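Questions regarding the structure given below will be posed in turn.
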Amino acid sequence: MTIQFERGKVVVIDRGARKLRVGQGMLKGMAVVWHHWLKSFQKLDNFSKTAGVFTVEYPDERIKLPEAYRNMPILLYDDETGQELCTACFQCQRVCPPQVIHINQARNPETGKAIPAAAEFIIEYDACMSCGFCAEVCPFDSIKMDHEFELSTEDHAELTMNKAQLSRPVSYYERIAPTFWAEVKASAYKKLQNSVKRRVDLIGIAPQMVEKVKAMRAAAAESEATEAAPSSAPTKPSAAETSPATDKAAKLAAIRAANAAKQDAGNGGTSTPEAPAGDDKAAKLAAIRAANAAKKAAESGEGSASVAPAAPEAPAGDDKAARLAAIRAANAAKKAKDEQENS
Amino acid sequence: MELLIQIIFFLLAALILGAGVMVVAVRNIIHSALWLIGSFFGVGALYLLLEAEFLAVVQVLVYVGAVSILILFAIMLTRDVSGQGERLLFQRWWLALLVAITLFAAVITPTLLAQSWNVVPPTGPIEPGQPTGIAGALELGRGFVHEFLLHFEIAGVLLLVALIGAIVIAFEERNRRRKVLTLAEEHELRKRREQTSDANASESALSAPGHPISQSE
Amino acid sequence: MYDVVDYVLNTTFNLGAAGWVVSLISYLMIATVLFLVAPLQMLFLTYYERRLIARMQDRVGPNRVGPEGMFQPVADAVKMFTKEDIIPAAADKWVHLLAPLVVVAPTMFMFAVLPWGPGMTPIDMHIGLLFFFAVSSISAVGLMMAGWASYNKFSLLGAMRAVAQMVSYEIPAMLSLLAIVMITGSLSIVDIVQWQGGLFISSSDVAGVPNWGLGWFVFNPVGFLAFAAFFIAALAEGERTPFDIPEADSEIVAGYMTEYSGMKFGLFFLAQYVLNFLLCAITAVIFFGAWQGPGVNELYALGITPDNPDGNGWFNVLAGVLGAFYFLFKTYAFFFVMVWIRGAFPRLRVDQLMDFGWKYLIPLTLVNVFSAAIWVGFNNWGANEGFGFAEPLGDLGRWAVAFVLTLAINIAAYIVMTRIYGETRRVTFDEQLADTAGLPS
């Protein structure tokens, strides 16, 4: 080891470790291994230490996967209504590099017109390369990447997934990727409402929810039938429902409007109580519009207006949702009226 | 008991002789070396039957463990060991047979004539004080450093000479040795070459007498 | 065992069996037990090694099959049995078939002289130690056969390496044992174990030391250096990691085992682990007193022994169990050290291996033989042999002088050898570099 002096200043150099003689290096090496062996009986919880077992014994315990983890694509549907977010826009099918996505557009059985929903949606998991392009490109936030990775099977054909196997409720995705979903939730629901408007009957309902939705609608129809007779249900949000004509579409729209209103009320009450007062105007406007629509509906039918009380309940809430609810109510009412006239 | 020992003896004898015949009878030279090992092993077992444990173990240690390995090494380091297409018998095989028989007779005849037969073998366990005969390591050792010291030393010197001879044959002058360099060594070499060429260049440039650098070097 | 069988046959059942029948039955029983023990040891050691090395590498190791993975080796064995047996088309079929047997058989023979407890040695040979190592050298032939018969360059290379390594490292192993044999004056393993009674000072050197079974050879300088050298040589003989060049999987696939599969490969594996067990065991026997430990001798003295025929047989059993426990504990401790070394050091190169054996271990063990001579001289020799001047020191004094002298010699030898060895290696590298390039060094 040489020390170099420069004129006028002393250069301090690091001498490093002591030189190891006559087998000390071997003993030192063995001491390192011994240290690791001793420490291996304790489990490491973070990676700042170098000694200790940090094995996660997989089938018994699992690492919490990061939200951005992606394995295979899945399709989302709304928990309550069972409406699928997918509109069969074919973006994913086009972008898929291994071309494993196959979509059938749903059509109205009477008119043959295209409906924004997928009649069948197939992804070949066996050839899927988990690139996530489909989830990236999906404009309706319907297709998302799953965290499930235990897909091994004895039967190759089992890896071709149809719509029933691909569908997951929104709440499932919300659980595995809460922040991601929170980012897109509002726009996704907005788009969903738009497409739901153009769906008929049970088309666009997730296969596992079909029975449930049927039962729900039947129950709703029954309860309305009984409650419509006294026609004194001020809190019931069944505005356009009261006409004796059991018009399914009208009923559905009403239920939806009610749900949305309820949801908005909840949001307004709990999550965003400090909504800016400047937006009140819009909300108020929406409420008025909703009230008008309800009134119209009431005129055409004989029921009591009840969307109106529902809509003004959410003035403090985010105006967008309120507006949406009002529009929806108006549309539903209009539709109900039209159909009544037709019939 | 006697019968048992005789049966074992004949089995061992058959193994030794059969293996010995196979050594010269098989074409494949590796196989013949392996048969030779079998023969060595049989001899060791024969010593054990004679209750000469030490000799038996040394037979195994030296012949099976070391000599046979050397033989195998030597064969494997020799070219063309397949032995295919070579004749086992040559035209003058009878001459070889004659020589072999003569040599064997020269060894066996005095033994047969001078041997005193019908010696009663010692029975029962050996008393602690009694010498254990040829089987004992102690007696062998004593014999080597007292009675047969000269023979022992001569054998030792012979082995030493063989060892030195092997080294002389196998030794290569260091400057004729070529080493296969690793990448790191090659890198080191290149560096040093550049250094020396630089030094040479600077030396020739600065070789004027009285220059401080050339002086310091 | 002979006594027990004799007692059962001739006294209890009064069959009047001849001596050789009793011998045959007793030896058959012993052999059966040992042949059962050997594969079990192999099964245990594979599991033990895998768990240990995993811990040293911050992993968990196999823990799925059975509680804590206890049945992993059984699962592996089942796999071995059911695998297809493949013989290469160009292989020498008979030699290929025989090679695993030739490798396994000697390891089984070696159990014959292993002492498991007081009075629990299968055969007490006069030359037990020599027998052990003579038989172990046979397996080199098997390795050579395997390598040659496989008709594969990797097999042949591996076999050549294995045999060269075994032959080279047998010499330091033998020389380090020679020091011990000089001190005990006997090649019998039972004598060597008996010699190691006492309390850190062997009762054979100094009379009157209480026999607590702790006078192991490793506690004196000669024994310690011999132990270190022997253990290193044992690593090489057993092809353990710093010396595992014969089966260096990153260089020559699996060495001589490359062309073997199924149960033949299993036999090689068995032989290797049984050999490792035996090497650990013999290290424990020679340097750490085998079954010697506190309590064994006291218990054994109460049992039935040649000196005390009226003792209680249960004390024999107790002493045997305690002795076997000590013995196996020491053996597994050495196997732990083997695994520890495997975890710590990388593989040597062939030339490094040869250099280390021939240029370092052999001179060191030769010095140790010299130390052993001094030890024997001071402790055992009297006026007749020319050590009259040491008599007035008394037993303990002579022991102390021998201890200090041999300690000084051995430490000096170790330091000098190590430095010279390190120096030569460095010099040869530089010189070779200079020679190759034609540069001034």
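We just call them A, B and C in the order they show up, numbering each chain from 1.
By our rule, a residue touches a chain if its C-beta (ideal position, glycine included) is under 8 Å from a C-beta of that chain, and two chains touch if they have at least 3 such contacts.
Computed from a prediction, not measured in an experiment: that's the story for all the values here.
At the far end from chain A, in terms of centres built from Cα atoms, lies B.
A summary of chain positions shows that the Cα centroid lying nearest the centre of all protein Cα atoms is that of chain C. A straight line joining the Cα centres of chain B and chain C is 24 Å long.
Each chain gets a centre from the mean of its Cα atoms; for chain A and chain C, those two points are 67 Å apart. Rounded to whole angstrom units, the spacing between the C-alpha centres of chain A and chain B is 82. The multi-chain contact residues of chain B, meaning those touching 2 or more other chains, do not exist; every residue touches at most one other chain.
Those residues of chain A that touch chain C in the complex are listed here as 21-23, 26, 29-30, 32-34, 36-37, 39-41, 51-55, 57.
By the touch criterion stated above, chain B contacts chain C in their complex at residues 1, 4, 28, 30-31, 34, 37, 53-54, 57-58, 60-61, 64-66, 68-69, 72-73, 76, 132, 136-137, 174-175, 177-179, 181, 185, 188-189, 192-193, 196.
Touching chain A in their complex are the following residues of chain C: 52, 55-60, 63, 340-341, 343-345, 414-415, 418-419.
Per the touch definition, chain C reaches chain B in the complex via residues 20, 92, 95, 125-127, 130-131, 133-135, 137-138, 140-141, 144-145, 148, 156, 160, 163, 167, 170, 187, 431-433, 435-437, 439-440.
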